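Going in written order, the chains are labelled A, B, C and D, and every chain counts its residues from 1.
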């Protein structure tokens, strides 16, 4: 086994990793939509989806089927190349952007050491930015291609908006780069290892060597710019329902629309992961490394959760629910116990656990904002981007570099 | 025997040439723009192949992410249509394309002939870690660097002045 | 020695005054302008006095002239012309005369010009003149001297044409300038010749080289380098000092304000030529021929101008011609080798001629601008001060003892008499000129102040001038009385203090004659006095009682029209020149060749452009193709060594 | 390992194609793209050389070129927008007068 890996590992392992990642991400996207609808519903004091499956848990499945089965009309006078190319591009780029994100520290399975992520590029951050930069074209082309003034306006808006906010996005990261002195996301995370736990993360910046400096400003700027990059509320002007019907994807239906949809959520995930890595210590646990007891936190969370789901399941209205929910609860519980018993697995799971926990929190924040905030007006958007965000992030760069210089003296 | 690297090179070079040709071929500016983006991306790939990661990234971020977006933005803004193939300029109509091709050929021929003097390529990747590059940029080329910053400032001002409607 | 160390202060002060007045004076009231002008000149006069005191102290210890280079002006190869100032006994005399008389005339001008337009302009020019004159006097090399020389020429032009709205004034200014150019041309040629001979233009170097014993004295009638150089320099002197044949500008120069005539055209500038000749006496003594020419020219001018002066009716014209003739005397002195006497006469002349002019100005002022003597008369009682001063001046110039000119003119005539090369003739002419001098001066007195008045009481209100005009008159009168007493002891066999004072410059040789025969001196001087008396008597006989402007004919007409010299020049020189420049230079050369060439070039350019225009289609694509062509050519050239085997099947 | 010539020849050809595009196309914006294409070709040559010589200087130059290109694009596109507004046409052959 191990020698096979040693021989063909470079070929097999990435393929496996890619398959796993795509599966995970797509599922995540699906249930992200579910979560979003649920959360917003509750914010608006509604129930949200609850018909398909218990608590509407099968809703994403139904949506998927609907997407596949729906008719796909093509409006007349479209620019075919652009019209067809745009959705593919969007989805492709979104998925590619995940390829350079490390979800955890390097792991060793069967004596084969590999990084927890697909590619380990030493300029992964730049690659990520490059990919996000190209992300504009999907929307712009869609807007241009589908021969529709709403779409065109949406495309225009999005391209303008993305160019404007990309500057702020990039500049807000420079502080972190200055501290890390490296483009590799993995090293950026490793720089944040310290004996103060979450105090060592870039957002606070009390690292062991004292090389860090709080990036709270950069953090805020990055988050705002990231929301704008992903065209989410309150920056969702390209697809502003109330103004442009559905913006750039007005003319798209069924799978093409689905691609935009998935692409958007995937890029959300990617950006959240990046956010986590840059400012919240990636896969690092918020507790100091010395507190080994905290390694049991996953099981401590999973077991009660499982038990609660189980309990909730057996008194659910529908038969279907009585069958599925307890099973799910059982799976959770068993998983928790398993982690408790096999400590090596537990160790392996630590990184990803914290990583996804943080990413989940960020995603929840996304949804929360969508439920809360109104949309910007276009001129407000531009003014905010150029006259506030950009100067502030530049100021952050200056401040950080000044501090670092002063430390050197 | 053809190594994997060579295969990748030919792949990317083919893509680049394809993009360049289609830039000429396409009659609609936005398609030309897309072809140009293709060229740029494949060039970035070639840079990676040569181990110039940083340049590759910058190539995509700046060219792909900013400059070409600007082009597409302008095309969309002006709602440019299919270009009209007027032939007012005799010079360009008759002499243009052959001369241009001849120019390209002269350069290519010169390179092909002078390949004897060409130094053997150094081990890829070894030459330029991003760190070295930045050291060079901020030590030896610091004045040009500052100058470029001024240039950009001026460009911003100029663009604003040009773009605002006179009132 | 504070002043001596930086001698530049003395000329700089007037320059400052000129600049300040010229730049800001227009806005200022008269008192401020006055204070600036008078202050600058007055202080520079005091500085000059102090400098002289220091210089005498310095000379007492080490017996040589004070030369101090301040900065290099022109340096070209071996040639160096520096801003070097020099002070020796000759300079001392000139310095004191220039600054002193200049200062007095400044004071006078404040009264005389009080009601004129361009008050500040006048004083700015006047100060500028002072500056250049001081440069001229203090210069330690010919080049710097030439700067001052040209500068005073410029100022004289500006001041003659001060009433530039009056055509006659403007023309007179131009005339003066142009005539001076001719002289300057000679002067420059002389300088070049000197430089070629001595490889330097510093006085010290040149004179030292010339004074070497091996430099032979070129015998009479031989035209060696030195002779020619001296003659050329003398041409410049004739231009500046209004000698034959270039005297014509001076009478016209009377168009300028009277103080200008007094300062520039009597006291200081016109004597520059004399000064220059005296300064170069070392060269002249080596060129007897040149000196002979100088003597002849001086003598002739003295007589010639005096004859013209006899009949002039304009009071200033009379004085002008008298100036010319007195300058002739000075040159005569230089010519016969009595440089000291020449300078002596220069000084006294500065005093009494300034006095005469200023008094004339006062008279004109009193008569409200009237200059024709035939319209005056009987002013003696009305303006007594002016009358007395004028009388002093007249007696002085006529050469009655113990007034200034008696001594100076006497020493000149004496030296002329002793001059080996038919000095008797010079003496005779000089003596006759002296008679004429005293004649026309007393004629002036009688016509102006004596007799019954020939002007209309109601039109002209005759009034005495204010103190700031009469004050300088009195001072000058005093000077012209006492100015000659330095030389007084010579009469009684004592020694000539002035000559002795200048002896460090000119050498003690020339005052030898004084000791030689005091008896002869007595005879000659008594003869001179007799001559003066003769002039007086004749004048009294002719103009003492009945006076009427007799119609002029014969000799009188000839003299009255100044021998038709101007007309002669017009016929001989000016008209041919006009014809040449009109018919050849203008119509042929300028209109034909130059314009033709220029227009031809323009037309050619237009034609070429008309053909090339078609490449400028404004079509970007065409331009692009042209760029491509250019690029191909360049690359072809660059890559040629690589490409030609490819093209011509060469082997690799 | 790819020989340096390959890169250079590729860049030469790309440059030639850029020139062709410049003289062949009529749309101002496309002309601009042609210029960008030429710049890219030059960049490729730069990087190839810096790899061949094992010195990063070439890459620095590439960075400069990119910056200049960006600035140029900003200004040039502004000019193009103005031209299009005033001339109502993007065809260079219709923009052949200095005055409107």
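Please note the rule applied: contacts are C-beta pairs under 8 Å (C-beta built on N, C-alpha and C of every residue); 3 or more make two chains touch, one makes a residue touch a chain.
No experiment lies behind these values; they were computed from the predicted model shown.
Taken together, chain B and chain C share the touching chains D. Chain centroids computed from C-alpha atoms place D closest to the centre of all protein C-alpha atoms shown. With B-D and C-D as the two chain pairs, more C-beta contacts join B-D.
One finds 6 Å separating the Cα centroids of chain B and chain D.
Centroid to centroid, with C-alpha atoms defining each point, chain C and chain D lie 76 Å apart. Taking the mean of the C-alpha atoms as each chain's centre, chain A and chain B sit 32 Å apart.
Put simply, the C-alpha centre of chain A and that of chain D have 36 angstrom between them.
Under the contact definition stated at the top, the residues of chain C that touch 2 or more other chains are 617, 619, 621, 624-625, 628. In chain B, the residues touching two or more other chains are 54, 58, 66, 70, 75, 77, 88-89, 92, 96, 99-100, 103, 107. Not a single residue position of chain A touches two or more of the other chains.
Of all residues in chain D, those touching chain C in their complex are 19, 22-23, 26, 31, 92-93, 95-98.
Across the complex, chain A meets chain B through its residues 79, 81-82, 85, 121-123, 126-127, 129-130, 132-134, 136-137, 140-141, 143-144, 152, 155-156, 159-160, 162-163, 166, 170, 183. The touching residues of chain B, counted against chain C in their complex, run 88-92, 95-96, 99-100, 102-103, 106-107, 109-110, 113-114, 116. Chain B makes touch with chain A in their complex at residues 28, 30-31, 34, 37, 41, 44, 53-54, 57-58, 60-61, 64-66, 69-70, 72-73, 75-77, 79, 130. Every residue of chain C that touches chain D in the complex is listed here, in rising order: 617-621, 624-625, 628.
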